[in-house]
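Same chain, two partners: chain A is paired with chain B first, then with chain C.
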Partner chain A sequence: MANVRIDRLHKEFRGPTGTVHALQELTLDIADGEFVSLVGPSGCGKSTALRIIAGLEVPSSGRILFGPRDITKLEPRDRNIAMVFQSYALYPHMTVRQNLEYGLRKRGIGKEERARKVAAIAPMLRLETMLERKPRQLSGGQRQRVALGRALIRDPEVFLLDEPLSNLDAKLRVHMRAELAALHQKLRTTMIYVTHDQLEAMTLSDRIVVMNHGVMQQVGTPEEIYSRPANRFVAEFIGTPSMNMIEGELRIEGGRPVFQGPGIAVPLPQAPPRMPATPQATLGVRPEDIALVPPDAPGAIRAKVTVSELAGAERYHFIELGSGSVILRTPATTVLRPGETVALGLDPARLHLFAGAGEDAAALR
Partner chain B sequence: MLRLLRTYGLAMVLLTFVAFPLYWMTLTSLKPQTEVFRVPPTFLPATWTLEHYVNLFWLTDFGLLFWNSLKVCLLSTALSLAVGILGAYALARFNVRGKEAYGRLVLLAYMFPGALLVIPLLLLFRELGLTNSHLGLSLAYLTFSLPFVMWVMRDFFASVPVDLEEAAMIDGATRLGALWDVVLPQAVPGIIATGIFAFLFAWNEYLYALILISDESLRTLPPGMMRFVSTTDTNWGLIMAASTLATLPMALAFGLIQRYLVTGMGAGGVKG
Partner chain C sequence: MSQHAPPAVGTHPAEDAARPPIGSRSLLGRLLDQHLGVILLLPSALTFLVLLVFPLGYGIYTSFLQRHVLDPEGVWVGLANYAWLFSNAEFWHSLWLSSLWAGVAVGLQIILGTAVALILHQPFKGRSLVRGLVLFPYMMPVVSVILVWMLLYNALYGVLNWLLVQSGIVDAPIAWLSQPGSAFWAVVYVGVWKYFPFVVVIVLARLQVIPQDLYEAARIDGAGAIARFIDITLHQIKDVLLVIALLRTIFMFNNFEIIFLLTGGGPLRSTMTLPILVYEQAFGLYEMGRGSAIAVVMFLILIAVMTIYFAFLRKEQD
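Here is the complex of A and B:
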């Protein structure tokens, strides 16, 4: 068991088309036993970071420490890590038992001890009956469990998981997600989890690291990331449907701050502590933070419904607002007809204001 | 129905084309000397005889030739696989500068006509004391089999998922350990296919064997069999008997590994 310190980790790839900075100055402290997710779109550097921690890639600069031990230059086999791959990477010519035992065998652990460890781990992952089968005779979920078992059996200091659930069908994914959470509860091993699925990151993690273009955007608990996104990219990446963004200007009118969008004006409860240099700003509001209000309520915004979608327990309503469109999330019992005019109220305490319009526009708070 | 007929008809024509020489060779080896030249020819021997086979072992050094050939072929196959597999793995996995150019160079080496290389090789081998040596002849065969093994195995390795060996390395294997434990078992069809090819090439090779070996006790089969042809007489029965026996190990090997060869030709079908 160890805490992990990632210190100004940098990785660039030199290609014929120029240098690509896959990872830029990533610094992160992970506590012993913590579950940390690296999340972001493909190409954001999350997998590169994980592969550097595993020792499968060499960083251009920076250091990695497990506890007091600098492991930056160690071979993967000397790091005492275990990794679960997206493809599971089960050895096709070995049985499940041989797959589980391989790491132990490579570490010179005797036959009896190996058999004992397999016997201990197999019931935990419900693999007892399939130990003598080959990977190709297993279902996707079973393969997934073998891959987990192969990592668990080694009792590693740090557990690395590279999109381990993304090859499973939706139902199995939810199930395995819960199993993974239970497993972490039980083992309390440091886990670093890479995913592009923000829902997996939200449900599993103690802390989430949101990445984009090789740069860490924000690190925090799932609550912090969701309710106080540091910039527009994080705000839009986390949450489904994603946060509504209205681009406009921040002004002071009659001593009170007002967000002026195309066709709408939203008074803000207070001015940001520091007014940005340019008035250009983006107002963000989550689909569940828009309420339907009586038409005569103060500050009500009148808008027209374009489409309503039923998503089981809830409904998503697409609503024309100014020159753009926002999504409103309501319980399924709220029925709105296309073409209908509704009055919307925005909860001022739950508005997000960003300076500028690009995805790196920082939150004003 | 018509399509079926056409398919089988074509297969029959091809089969005749390929199989008739084998059939004729085997039959001739079983005919007495007097029947070999009979006109019209007999398609089944009128008299069956094993006299050529008996002569082969009692009157010629066929046994020694066969043994020498086997030694040289096994050695050159083992060498080309050992070196070729490591080279191909490096070409498939490592990011070395000029890797692509090197890969193409390997293919170019394979296309070089052997007759062009044999004299320089002879001069070089004489300096190194590698003439009249089975090791020397095996090394000379590497000029052909090694590029082939590297070229084919490179594609095989490229089709084995990198994840597998990365998983093995995290599990505690060295890179060579991962290659041995995890990658090679996935590439078995390729290893067998290229191994057979390397063996076959060496088994049939005539020119190098003739020029690099002059010591009669070290002769291999193809040049050795040429001595059954003299200026005044060609003992066809003897040649055919020797050819039949020389073909046998190959035919057997092909029969046994047919399944792998098909996979081998569809390189990349490793994941089955």
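Here is the complex of A and C:
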């Protein structure tokens, strides 16, 4: 077991079309036994970071330490890590048992010891009855469990998981997510998990690292990331449906801060501690932080419903607001007809204000 | 395979139900309906019969005749040609040479071809060019290749001998193609050189679709380069190597032109493989019956090789 220290890790790829900075100055401390997710869209550098930690890629600069040990230049086999791949990467000609044992065999561990370890791991992943089968005779979920078993059996210091659930169907994914959470509870091994699925990151992680274009955007607990996003990218990336964004200007009117959007004005409870240099700003509000209020309530905003979608237990209402559109999330019992005019109230304590309009617009707080 | 063949139109129960009642269509229409599948198969079936089954049958028939160029009708002699064959030391000698030629040439083609494919799979500058150049021996017409190799092997002015003598490896030029000891291996060498690119192409194509993840998983599991080759690469290309072995064995066993053009079967019958023996009997001595009998035996040997191969394949797949 070890804490992981990632120190100014940088990776660039030189190609015929120029240099791509896949990972820029990533610095991160991961505590012993922590579950940390790297999340972001395709090409954000999350997989590159994981592959560098695994030793499958060489960083352009920076260091990685497991505890006091600098492992930056070590071969993958000498790092005492285990990795689960998106494709599972099971050896197709070997049985489940041989797949599980392979890493032990390559480390010169004897036959009896290997058999003992397989016997210890198999029940944990419910693989006892399929040890003599080949991977192609297994279902997706079973293959996934073998891949996990192959990693577990080595008792690694750090567990690396590269989108391990994304090849499974939706139902199985939820199930395996719970199994993974339970596994981490039980083992308390440091786990670094790469996913593009923010829901996986939210439900599994102690901390989430949100990345975009090779740059770390924010690191924090799922609660922090969700309720206090550091910039517009994080705010929009985390949460489904995405946070509503209204672009406009931040002004002081009569000594009070007001957000002026296209066709709407939203008074803010307090001015940000430091007013930005330009008035351009973006107001963010989550779909569940918009309430339907009586038409005569103070500060009510009148708007027209365009579409309502039923998503099982809840409904998403698309509402024209000013010249834009926002999504309102309500219980399924709240029925709104398209064309209907409603009054909306925004919870002032749950508004997010960003300086500027780009995805790197920082939160003002 | 048969259950995958499309059923003849009209034999499918669901289609029967959907069809309008009999009598509402013309006779020709109904005939087409019922036999369309057969009609569509006829052209290729006839081609197959004329080009494949007939010559094969005729060859087998001829093997039971004593037929000479002066007696084109021939006389039915039953198994006499086969009896002559199996009691003839030259036949057994040629059978042994053919097996040795096919086995050694195919084995070396596979080893060399796989090694070259592995090298060409690595990224390096000019790889595409080298990949193209490797095909060169395979694309050259056999006759040109043989002429070039006869020049290279020539005892008086051959490049090979010149190099060997210049570098002091041998004192005097070696008559590569006119000594029983060296002729066979000189011929094998040309056979390997000419056809190893076939192996390169197929193995290289297979190497390119091996999932990279497997190598990465193995690296993390602690496998070194040799272990990764044995545990991943070799297992992944095993199936194509078996197919290659079968195809190349059939091809080399039947190969006539390389040996015939280089040595004509000599010196002293040291390169007299079965196809050349067939030629000698049929067109040198005009013994069509005997020539056919040897060809039939070759055919049966290859059928046996294929049967063993497919039985092995079926066992692998279970």
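Methods note: the second predicted complex is superposed on the first by the 365 of 365 C-alpha atoms of A that agree within 3 Å, B and C clash if a C-alpha of one lies under 4 Å from a C-alpha of the other, contacts with A are read in each partner's own complex, and residues count from 1 in each chain.
The criterion applied here is as follows: a contact is a pair of C-beta atoms (placed from the backbone, for glycine too) under 8 Å apart; a residue touches a chain by one contact, two chains touch by 3 or more.
Quick caveat: nothing in here was measured; it's all calculated off a predicted structure.
Chemist: Label the relationship between chain B and chain C on chain A in the superposed model as either fit or clash.
Modeler: clash
Chemist: Does chain B (first) or chain C (second) touch A:R136, or do both, or does neither?
Modeler: Only chain B; A:R136 stays clear of chain C.
Chemist: Please indicate which partner A:A54 is in contact with in the superposed arrangement: first for chain B, second for chain C, both, or neither.
Modeler: A:A54: touches chain B and chain C.
Chemist: Figure out whether A:Y91 sits in contact with chain B (first) or chain C (second), or with both, or with neither.
Modeler: In the superposed model, A:Y91 contacts both chain B and chain C.
Chemist: Could you look at A:F318 and tell me whether it touches chain B, chain C, both or neither (first, second, both, neither)?
Modeler: After superposition on chain A, A:F318 lies in contact with neither partner.
Chemist: With the two complexes superposed on chain A, say which partner A:A82 touches: chain B (first), chain C (second), both, or neither.
Modeler: In the superposition, A:A82 contacts both chain B and chain C.
Chemist: In the combined picture, which part of chain C sits where chain B already is, 7-15, 25-33 or 277-285?
Modeler: So the stretch of chain C colliding with chain B after superposition is 277-285.
Chemist: Residues on chain A in contact with chain B in one complex and with chain C in the other?
Modeler: In chain A, positions 54-56, 75-77, 81-83, 85-87, 89, 91-93, 102-103, 106-107, 150, 154 sit in both the chain B and chain C interfaces.
Chemist: Going by the contact rule at the top, pick out the chain C residues touching chain A in the complex.
Modeler: 211, 213-214, 216-223, 227, 231-232, 235-236
Chemist: Tell me, which parts of chain A touch chain C in their complex?
Modeler: 54-56, 75-77, 81-83, 85-87, 89-93, 102-103, 106-107, 150, 154
Chemist: Contact residues on chain B for chain A in the complex?
Modeler: 161, 163-164, 166-174, 177, 181-182, 185-186, 271-272
Chemist: Which residues of chain A touch chain B in their complex?
Modeler: Residues of chain A touching chain B: 54-56, 75-77, 79, 81-83, 85-87, 89, 91-93, 102-103, 106-107, 136, 150, 154.
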